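Okay, so subunit A shows up in both of these, paired with subunit B first and subunit C after.
For the complex of A and B:
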């Protein structure tokens, strides 16, 4: 097992799993901090993956594919905003509806646009190639992890400090935090919390869209029904665990991404798939339990004089 | 800037909250708007600030008609409002709170905090305000939070400042400091609107007074043309209730005994605290909100566990009993937050009136509730406590604040328990209801019940208590006999540990 962790090809596969989780979780962080209970990241991610394939197939450029993915995600964000913010629908109900909608809609569009069932692959889908980072090759473990990945991985890494700065120093970041903590304060200041939350949902859609693009035009060059495969849910867990803080999100995304990647690996070693499929969720439970113990320990100490 | 409200009328459904009110606010003046809760003061100011659109009437700034579509319009034209409930973000720093919604943004929309900082320093110097800009608001006292709210308006260059009940949460010293700042604004030519129900403050600070009752403007003019008594009569619309006579009583057995109690608090532990409340006395706990009163009450009622120490009720240890057991042993509790703890707003008056009753058999028939008996009981309460409501089957949410509180007070006092705990029982209710609730608490005392009163309104504690305990920073900072209480001494205790030398208060 240890041997496996230091296998360069395993290390190189980790970012492929980290990227979609991290991007979706950063999007989820925007909603979390803005006070929107968005657990539709799975649907946003799936829609992004599909839109990426559409954009890339018709334009021949992975970048336009990524742009299409962002637009697809934003569209889902707008659907969420319409039903939750404007019509006052319960966020859990709206989320579940969007997750189901995304699954159905992508399957339907797959048939309508590409006349394909279940999966669609075509040489015309232009995918992201690896970006070579000079000077990293000789490093053990870190070299393969941080070198030769898709541009979306580096984008996701850059997005972490940017998000941190955004929440701390940006005008909209400040308002997003206010919308999540005491929206009445925004109203008193003449700013509509609903509008702030709309922006958060749109940003969330764009980031989830990029995460979807990583799944469909960077990890592979194809779309498969329901290919987000629970990563949106893992992103939701990551957001709730970190309360939407970007740096801890990076850590959690790496933990989940590594386990996700590992589960594929051990499957290749002959472990039954039913078991390996459980691994990311077992890891989630393990993190939840560890964190709750740690928090309990802290509050017990913090309560003493 | 000269502001005029002309013929403002606001209706909420069938209720007319403000009817044809006109008044003028002049620069360099403090204009006090007084009236009972529900008289329409706050609604009127919400109109001025763009939070409520009037059905009729106009707002004029320097002679020009204005129409606000949102508070943003009002803010842009130089109006600023400090709301009764602060609108601050606890997790943010003072500086972040002040710039929020008026951020000086540079490249990429990044907030230029250093520009804001230097501008604030100038403003603070001009008006003699001192405050650390980088402290998180969560760590500020209520008085400091108010300073943040005031700075927020100044930062937006407000020319007209509206303050809604600004002193209700302040110590006397903090109030003095606020008034000094407001005087400095007046000198600087700003117009200040002070919404209040405290007449002493009106007499101290105002240049002009407007009295409102039941949505109408009763009187408006210079302070020098009227008197405190006249204003008071205008507020209640008739003769004032006579001052309460206090029957002399010797307190009996201790009903509540708390020894060395420690409770976990939001910022550090509360305690160790010891106190006793005897039959036939009202013990008042004064102090600025957030000094451990809430934690103390939660531990006594059983809502929060005690870390150490003992609580005895009627001579029986109750430290490890749950809320229900303690209530049955003889405890009633009027909680501070009637909206969430005191009442179930989505339930009917009758259901609320019967919540937590001991003699269940009188209100059930077999396994079912006896709705008729419940309604009879609720009607009794409505009549006895003069609660203005449609009837027992009306939803609790439909009542006004004062009537909600009367329902809570009525339900708890009707249980006739040896111990009554009242936590800010008159918070946000009108003068009539305050007088009534005070009367009921006094009646309980005179009938030999033990009353523990926690209030952030010093006047209330002083008017009712036989003994006054002052809490500061989680400890009892001092004790004063009710007859010897004066505001200055208590005010000092509210902010210092100087008098904290009381291992056991007998």
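For the complex of A and C:
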């Protein structure tokens, strides 16, 4: 097992799994901090993956694909805002509806636009290539992990400190936190919490869109029905666990990403696919249980919550 | 006074009109995208949802409606008790899988095998739901997350079992062998509708009676409406949670068994997951604001959308996934009218999260 972890090709595959979860979870963090209970990350991610393929196929550029993915995600964010913020729908119901909407719409459009059933791949879909970072090659584990990944991975890594600073210093970041913690205070300051939450949802859509782009035009060059495969739900769990704090999110995303890529690896060693497929979910449960025990122990000892 | 009320009614009517216009607009846009002939699509939709030779399509719709309504009732029991059990899919799969395997391997007269298999399916569904409840009560995993995450392992376990040890290899498909023909649920005389719908009706009746005419059910609903009050008056909240979840799961398991013995006569990989029965059940119960007697109607409504869409695909070339879009858009527009119980308990969840 330990040898496996130091295998360069395994290490190199971890970021492929970390990136979508991390980007989606950072998006979820925006909502969490703004007081929007958004469990539709799965739908946002799926829509992003599809829009990325559409954008990349028609423009021939992965960057425009990523832009299309962000727009697709933002569109879902706007739908969420319209029905939750403006019409006052229950966030859980709206989330469930958006997840179903994304599943239906992507499959429908896959057939309507590309006349493809189930999956669509085409040489015209331009994917992201690896970015080589000079001077990293000689490092044993870190070299393959941090070198030669898709640009979206580096973007996700940069987004963590940026998000941390954003929540701590930036005016909108502070307002987002106020919308979550003390909306009445925000109103007293003459700012509408609803507007702030709308921005949070749009940002969430854009980040989830990028996460989806990593799935469809960086990890592979194709779209498969339901290709988000529960990763959005894992991002939701990550957000709930960390209460939307960016640095702990990075850690959690790396844990989940490692398990995800590990399960991919074990499949190659002859374990039935169905068992490796369920590993990320069992790992998520295990992390949840461990953290809750740890927290309970801490509060029992009278420590700060 | 009177004009005030009239204007409220008018406003309500206008808002529904706007919603309907939106839904129709979205659908027309989607159909125009694939260049489908509208008239043909519409008639194919209606024909396939309610028509057919000797009403065979209507029977298919009814049979699907029963499964959706069953899942709706299962989830309603949980929701009304303030429990966010969104693991219906896992409980359904557990039931369907166990029903098929039990029927394949249990010896004995057919009626005994059928009864025992259905019972086993209900136990399996209840067990899977209880697992989520135990995770919440003893290991601190929120029910919403735990019940959802448990959907995936059982899905893959079922998939593995019918792909390897119990696969009907000769069929070439990923599915189990057929259960003995003597255990198949018979059709109503002169129709192609299996009597599974009666099992679902019985379960629904039980749920309504339990919820409204027993002390336990009253306590469970009280827990859903005001958890703080329930705790203050000393109700055994943990026990109520587990009981309610077990009942929810048992009904979901029963639905799985009905799908096996009434419809597919075996376990086919994905047969309970792909049609989104569990999620449709959730939105079916939300559509009618968790009013029990309206659940069959909304189940029928969503089933008609799905079978109708399948007809549009065959006759007018409209991809059948339009049904999912339609369902989602409808529930979005109704979402703001969901009963207070759900909102109350989501507030509790938010409050509980801060205290934890």
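By our rule, the second predicted complex is superposed on the first by the 302 of 305 C-alpha atoms of A that agree within 3 Å, B and C clash if a C-alpha of one lies under 4 Å from a C-alpha of the other, contacts with A are read in each partner's own complex, and residues count from 1 in each chain.
One rule holds in what follows: contacts are C-beta pairs under 8 Å (C-beta built on N, C-alpha and C of every residue); 3 or more make two chains touch, one makes a residue touch a chain.
All values reported here derive from a predicted model rather than from experimental measurement.
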| item | value |
| --- | --- |
| Overlay on subunit A: subunit C relative to subunit B, clash or fit | fit |
| Angular separation of subunit B and subunit C about subunit A, which is computed from CA centres of the superposed model and rounded to the nearest 10 ° | 80 |
| Partner with the higher number of touched subunit A residues, subunit C or subunit B | C |
| Partner chain(s) touched by A:233 [first = subunit B, second = subunit C, both, neither] | second |
| Contacts of A:177 with subunit B and subunit C, given as first, second, both or neither | first |
| Partner chain(s) touched by A:186 [first = subunit B, second = subunit C, both, neither] | first |
| Partner chain(s) touched by A:69 [first = subunit B, second = subunit C, both, neither] | neither |
| Partner chain in contact with A:259 - subunit B first, subunit C second, else both or neither | neither |
| Partner chain(s) touched by A:104 [first = subunit B, second = subunit C, both, neither] | second |
| Partner chain in contact with A:295 - subunit B first, subunit C second, else both or neither | second |
| Least Cα gap, in Å, left between subunit B and subunit C after the two complexes are fitted on chain A | 6 |
| Subunit A to subunit B touching residues, read off their complex | 165, 169-172, 174-175, 177-178, 181-182, 184-192, 303-305 |
| Interface residues, subunit C side, partner subunit A - complex | 30, 33-34, 84, 86, 135, 139-142, 144-146, 148-150, 152-153, 155-157, 159-160, 163-164, 276, 279, 282-283, 286, 319, 321-325, 327-329, 331-333, 335-336, 338, 342-343, 346, 350, 353, 356 |
| Complex contact set, residues of subunit B against subunit A | 50-51, 70-76, 81, 83, 85, 87-92, 96-97, 99-103, 105, 108-111, 113, 264, 268-269, 307 |
| Residue ranges of subunit A touching subunit C (in the complex, touch as defined) | 37, 39, 79, 83-84, 87-94, 96-101, 103-105, 107-109, 111-113, 230, 233, 236-237, 240, 272, 274-275, 277-278, 281-282, 284-285, 288-289, 292-293, 295-296 |
